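We just call them A, B, C, D and E in the order they show up, numbering each chain from 1.
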Amino acid sequence: MIRGRVMGEVWATKKAPRLAGRKLLLVAETCVTSDGERPTGRVVVATDLLDAGQGDTVVVAFGSGARNAESPGSRDVLVDAAVVQVIDGSSTPGAD
Amino acid sequence: MIRGRVMGEVWATKKAPRLAGRKLLLVAETCVTSDGERPTGRVVVATDLLDAGQGDTVVVAFGSGARNAESPGSRDVLVDAAVVQVIDGSSTPGAD
Amino acid sequence: MIRGRVMGEVWATKKAPRLAGRKLLLVAETCVTSDGERPTGRVVVATDLLDAGQGDTVVVAFGSGARNAESPGSRDVLVDAAVVQVIDGSSTPGAD
Amino acid sequence: MIRGRVMGEVWATKKAPRLAGRKLLLVAETCVTSDGERPTGRVVVATDLLDAGQGDTVVVAFGSGARNAESPGSRDVLVDAAVVQVIDGSSTPGAD
Amino acid sequence: MIRGRVMGEVWATKKAPRLAGRKLLLVAETCVTSDGERPTGRVVVATDLLDAGQGDTVVVAFGSGARNAESPGSRDVLVDAAVVQVIDGSSTPGAD
């Protein structure tokens, strides 16, 4: 999983039928250094079941982990990334 | 999933039999910063079931997510990346 | 798997139900060069079943490997990264 | 999947029994920019069922996609990368 | 799969029970350019069933490919990376 910040939502009319009704967020991966938090430059597109908002710091899971967040044990989910946690805080200075 | 821009199509006569008839696109991954959109330098090859065209901004899914876009629940699909959405717009400034 | 150093714990009240009760760590990936150990800049979020503490050097497994650390053979675990070893030492100079 | 150029073949006497008889290629990932094609610096090792030769531009599939190229639907194939197409041309200037 | 050079072994007393008895190696990924071989900066931790030694050039497989090297067809193996070949030579100048 990675830690990132929600940049906003993307929308589309032309999409795979199995994505219909799903909310997709742009999330900018962040890392924490001695100088504080900064974006790594990697941006992922993730589904959101937790109603995360722009600016929220979140945990994104990938692959089967993400599909199990959507539908546990199911083998036919289309997504490969999902917001699984909205971070409240951290024991790492500068990481909340 | 990632967000990227369609660069064009690749074609081949020598290919794995299970790829016959599939349209393959070159997609350049993009990220969005305060300076606007720019390519990250990563280029992926993805199948396209949505008839995306050169210059379109798209969402690409990977792994089982991509295979489930092609054939839900199937376990024998060859591809590992598929265009699953053509982006119309975004709530992130500069990301559409 | 990768080698990294534990930065601290993240916490949240808003999370996927299947993450309830799980401890999540921020782990900074490290590499070892002739100049010694340094962070690569990649930070992952991993579950921890080994009670690793801040500053520990650990091995993190990903994907089904991580899910099999949590629940062997299970197909519905949400996580995609898990601490599977706390490193005591190494035969590589500077890598312990 | 990625696009890359075949650098050559690697050989070994000490190998996992399930790799016996398999041809393994070194493939340098390439990207296409406005300045033409250049290597990204990433090199992968992939099996080859298409008799690709040094200098050929190819598409490499990963994970289950690669295993399905070798043996569709099989769950016990060792490889994680396979050449699935030898590119003849492209609609992207400079990408063939 | 990737090509890399064995840096050494890591050891631990605190580990996931399913890793007990497994030898874990640090492997530095390498790439080959016109200037010869150099490390990419990526270091992975992989199991070793081939008795590879420090300084050996090896092929590392990931994910289910690695698990199938350990136990073909099994679905409960913890590891996600395994040494599957010790490279003897290559048709690429500078890559052996």
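Note that a residue touches a chain if its C-beta (ideal position, glycine included) is under 8 Å from a C-beta of that chain, and two chains touch if they have at least 3 such contacts.
Please read these numbers as outputs of a predicted model, since none were measured by experiment.
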Same or different residue numbers at the chain D/chain E copy interface, by half rule: different
Rotation in the CA alignment of chain A with chain D, degrees, nearest 5: 145
Whole-Å gap between the CA centroids of chain A and chain B: 19
Centre distance in Å when chain C and chain D are each reduced to the mean of their C-alpha atoms: 30
For chain C, residues contacting two or more additional chains: 63-64, 66, 75
Ring of chains, enumerated from chain B in the sense that reaches chain D first: B, D, E, C, A
Interfacial residue positions of chain C with respect to chain A in the complex: 7-16, 18-19, 24, 26, 28, 39, 41-46, 54, 63-64, 66-67, 75-81
Chain A-facing residues of chain B, complex: 1-3, 30-33, 40, 49-50, 52, 59, 61-66, 68-69, 72-73, 75, 82, 84-92, 95-96
